[in-house]
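Read through the structures below before going on.
Two complexes follow with chain A in common, the first pairing it with chain B and the second with chain C.
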Partner chain A sequence: MTLLTRYLEFMANYPVFRAFWVNITLTVFSGALALILGTIAVTMRISPIPSLRAVSTFYVNVLRDIPLTVVMVAMTTVVYFSLDVDFSGQLATDFYVGVVYFGQAPETSVGMMANFYLLAIIGLGLYHSSFIAEAIRSGVNTVPLGQAEAARAVGLTFLQSARIVILPQAFRGAIAPIGNTIIALIKNTTVASVTGVAVETSATMSGMIEMGPQFIILIFLTFALGYVIIVIPVGVLTTTLSRRLAVKR
Partner chain B sequence: MRAIHRAAAGLAALSLAFGLAACSSSDSGSGSSSSAGGDTSGPALTVVGKPFTTELYGVGLPLDSPYCEQVNAAIKDMIDDGTWQAKLDAEMQGVAYTPNPETNPPKDFEVCDHTGNAGLVTAGKITIGIKFDQPHLGFKDGNTYTGFDVDVATYVAGKLGFSADQIVWVESVSAQRETLLQNHQVDMIFATYSITDARKEKVEFAGPYFVAGQDLLIRTGTTDITGPESLNNGKKLCSVAGSTPAQKIKDSYATDVELIEFQTYSECVQALLANKVDAVTTDDIILAGLAAAAN
Partner chain C sequence: MASEESPVVAELRHVDKHFGQLHVLKDINLTIHKGEVVVVIGPSGSGKSTLCRTINRLEPIDSGEIYVGGKLLPQEGKALAKLRAEVGMVFQSFNLFAHKTILDNVTLGPRKARKQDKAAAEKEALELLDRVGIANQASKLPAQLSGGQQQRAAIARALAMHPQLMLFDEPTSALDPEMINEVLEVMVSLAAEGMTMVVVTHEMGFARRAAHRVLFMADGQILEEAPPEDFFTHPQTDRAKDFLAKILQH
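What follows is the complex of A and B.
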């Protein structure tokens, strides 16, 4: 038996595809949360009300400056252990089983894993929302000042001009930085193992290395290749979209 | 306009209050757990039951190391002249723990199949890999290194002709132990390194210098956990992601116990003290060290 066949036999004992699927679902949900929070933050940042601008600036700066690992550790030690915020109710468990296991619950109970999964989504979403907010703000800077002035002259309020005139153009201009943040998010989801999500790729990789140290290079190549396969389409999509959707001025 | 100003001020006040509540509740949380430890005038955590597996802690050596036989002889000397027992007792002082008497001190040593002429990593010094984060086993305390692994390593290095200040201590994380030895970044490893056949393909083992076994750590006073079988009704068990004990529990007891995996044992102990999990599992001597540090 060659090294490769022995390795494939070894790899069959580990849920490698489910691990990648967990990371992909974490990306989707925390990306959605980051986009929502980032849009709210940037709308507050460009608003004419100084206190809202101050709150948004504070929020973005604090979350950008704390390392992701610290944010994720804080989600377990501070939010879960100390503040007793618990997401292991029936709704959360059904959501977790439905998304990760496609409805077929595993033999062990997964209440705590659902809790950690949601905490990881919140932690990742909060952290990346600051980067998304700054990316959209750079898109807002590409919109000519005349657009905002014309919107005011026509009689639109701030929220209407943001919703109808400024933000659509800003998003179209900010697709490349947002795409970069999403690509960083895809790889940052491996930090979810710090929050206790043990079915994702970095925890699975640690387990495989511990039990199969003779395959260490193949294990590394497996996970690196998996992430390359996931990230390349996202990168290509970002580039084509940013070119096709750019506002032609 | 004024409504929005008030809303923004309310938002700022709310986040400030949340932050203060977080500080005060985390203080009261740690305060209550330490006062609980102080109220029950005894240790807060205990190692329960007998170990239910056997883990041989060996000395990892590169395949072309010339020291294998000498390390075996040094360990045998340490056991024979009483230093082994003395150091173990000193480290485990204050913890109700005795190593498995059927297997300790170790009597059967590994056969040295390989030999070679590899030189030292740094001429004139011996580079030894240990753990930096296992209290009473391999622990970095500022600039000093303490623990039973460190004690055995210092004795063996002494028998090989290296004084205590000729030893260079390097951190060897679990996943990197084989790589460190193969790339000759360390001369030997004393890092709670279990001897397994899979690892013997890549590294040489001398020893063992201790025979551990997997066991459970519980909060003192938990009467319904007496061994691995008693975990089988919805209990929550904590271990480190990807470690050998976590794998063994998954293979043998995965039917009804919920396994939580964190990155470090200290997070598991924190979860245990905060009543979030019911037991922590790993090798019994590591549990004893964690319990001694937590009490």
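What follows is the complex of A and C.
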């Protein structure tokens, strides 16, 4: 038997595809959360109310300055164990089983896993929302001041100007930095293992290395290649969109 | 025709404003009557654009009072947005919403600030665009139009709100020379229809043709205030004589 066939046989014992699927779904949900929170943060940041600006600046700076691992560990140790925030209810469990196992629940403690999965989504979403906010803010800086002045001059309120005039142009100007943040997020989802997400690429990789050290190079290549395959389309999409959606002035 | 008896549309009382150390508006008092066309001229840095922008509070003032339609300009918020809807503004750099079509630019205010329904807003927008001569450009984006066309679209956008007062902040200064007239023509016809207008400009021909009153500003003060014929033939102050000599020489 060649090394490769022996490795493939070994790999079949591990949920490699499911692990990648978990990271992809973590990216989708925490990315959506980060976009929502980031948009709220940046709207507060450009608002005419000084206290909202201060809150947003504080939020972005604090989350950006804490290492991701600390945020992710805190999601279980602080949010779950100390503050007793628990997502193991029926709704959360159904969501987890539906997304990760397509409705086919495994025997193990699904409620607990759902809890960690949701905590990881929230942690990743919070952390990356600060980078998304900064990316959108760089997009806001590409929108000439006259656009906001014209919006106010026709009688739009601040929220209307932000929603209809400033943010749509800011997003188009921020596609490249938002794309970079999403790419970072894809890879950062591997930190979800410290929150307790067990079926996930970095946890799966660690398990495989432990049981099959003779395959170590192939194991690394498997996961490296997996991420490259996931990230390349995102990079291509970002570049295409930022070119196609650019606001012509 | 505007006269002292016409109702007051806007009034500035003892308005002062600083940009840091620079005193840009010094005790400005100004009353604008319905149907009046007031042209503000003066050298660069005289405060004329700032004066124009204080009237819809794009520039907040340090002290004094500004009334529009009899109401004191409110602080930033919904009430101010409502009052701004009553004041049309045309900018030097057009400032059309770059990601929206010309038609959407014109209908945005009526639909969002006035909650008008889409069909009615579009019907009126097309009439306005026709009036300024660019109805055939309605579905294009601003960047696809010439400067003169963009500025005419911006005028249509302001008119769509049925403003009590139109502010023009150097509307032709960013235009190529051959496009200035098409914009001035629209402004002259607006003036002829009795629109109340405050126009900051360097176009002396427009001032002579359309203005009821010319304000000459220098160093943050209104130095002269006269009908255009009087001002251009008999300027009172040395600053005004000097300014006119420089610009009318060529």
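Methods note: the second predicted complex is superposed on the first by the 249 of 249 C-alpha atoms of A that agree within 3 Å, B and C clash if a C-alpha of one lies under 4 Å from a C-alpha of the other, contacts with A are read in each partner's own complex, and residues count from 1 in each chain.
The rule is simple: contacts are C-beta pairs under 8 Å (C-beta built on N, C-alpha and C of every residue); 3 or more make two chains touch, one makes a residue touch a chain.
None of these values were measured; they are calculated from a predicted model.
Peer 1: For the overlay on chain A, clash or fit between chain B and chain C?
Peer 2: Superposition check on chain A shows chain B and chain C fit without a clash.
Peer 1: So, A:I183: does it touch chain B (first), chain C (second), both, or neither?
Peer 2: Neither partner.
Peer 1: Looking at the overlay, what does A:Q169 touch: chain B (first), chain C (second), both, or neither?
Peer 2: second
Peer 1: Touching A:A150, do we find chain B (first), chain C (second), both, or neither?
Peer 2: second
Peer 1: Contact-wise, after the overlay, does A:K248 reach chain B, chain C, both or neither (first, second, both, neither)?
Peer 2: Second partner only, chain C.
Peer 1: Looking at chain A, does chain C or chain B touch more of its residues?
Peer 2: B
Peer 1: How many degrees apart are chain B and chain C as seen from chain A, counting from C-alpha centres and rounding to the nearest 10?
Peer 2: After fitting both complexes on chain A, the angle is 150 degrees.
Peer 1: Of the two partner chains, chain B (first) and chain C (second), which one does A:V110 touch, if any: first, second, both, or neither?
Peer 2: Touch partner of A:V110: chain B, not chain C.
Peer 1: Please give the least Cα distance, whole angstrom, that chain B and chain C reach in the superposed model.
Peer 2: Between chain B and chain C, the shortest C-alpha distance works out to 7 Å.
Peer 1: Give the list of chain A residues in touch with chain C in this complex.
Peer 2: Residues 48, 144, 146-147, 149-158, 160, 164-165, 168-169, 172, 247-249.
Peer 1: If you look only at chain A, which of its residues touch chain B in the complex?
Peer 2: Its residues touching chain B are 49, 51-52, 54-55, 76-78, 80-83, 107-113, 116, 193-194, 196, 198, 203-214, 216.
Peer 1: What residues of chain C sit close enough to touch chain A in their complex?
Peer 2: It comes out as residues 56, 58, 76-78, 81-82, 84-89, 91, 93-99, 108-109, 112-114, 141, 143-144, 154, 157-158, 161.
Peer 1: Touching residues of chain B toward chain A in the complex: what are they?
Peer 2: 1, 4-5, 8-9, 11-12, 21-22, 25-26, 29-30, 174-175, 177-179, 198-199, 201-202, 234, 236, 241-244, 246-247, 254-263, 267, 270-271, 274, 276
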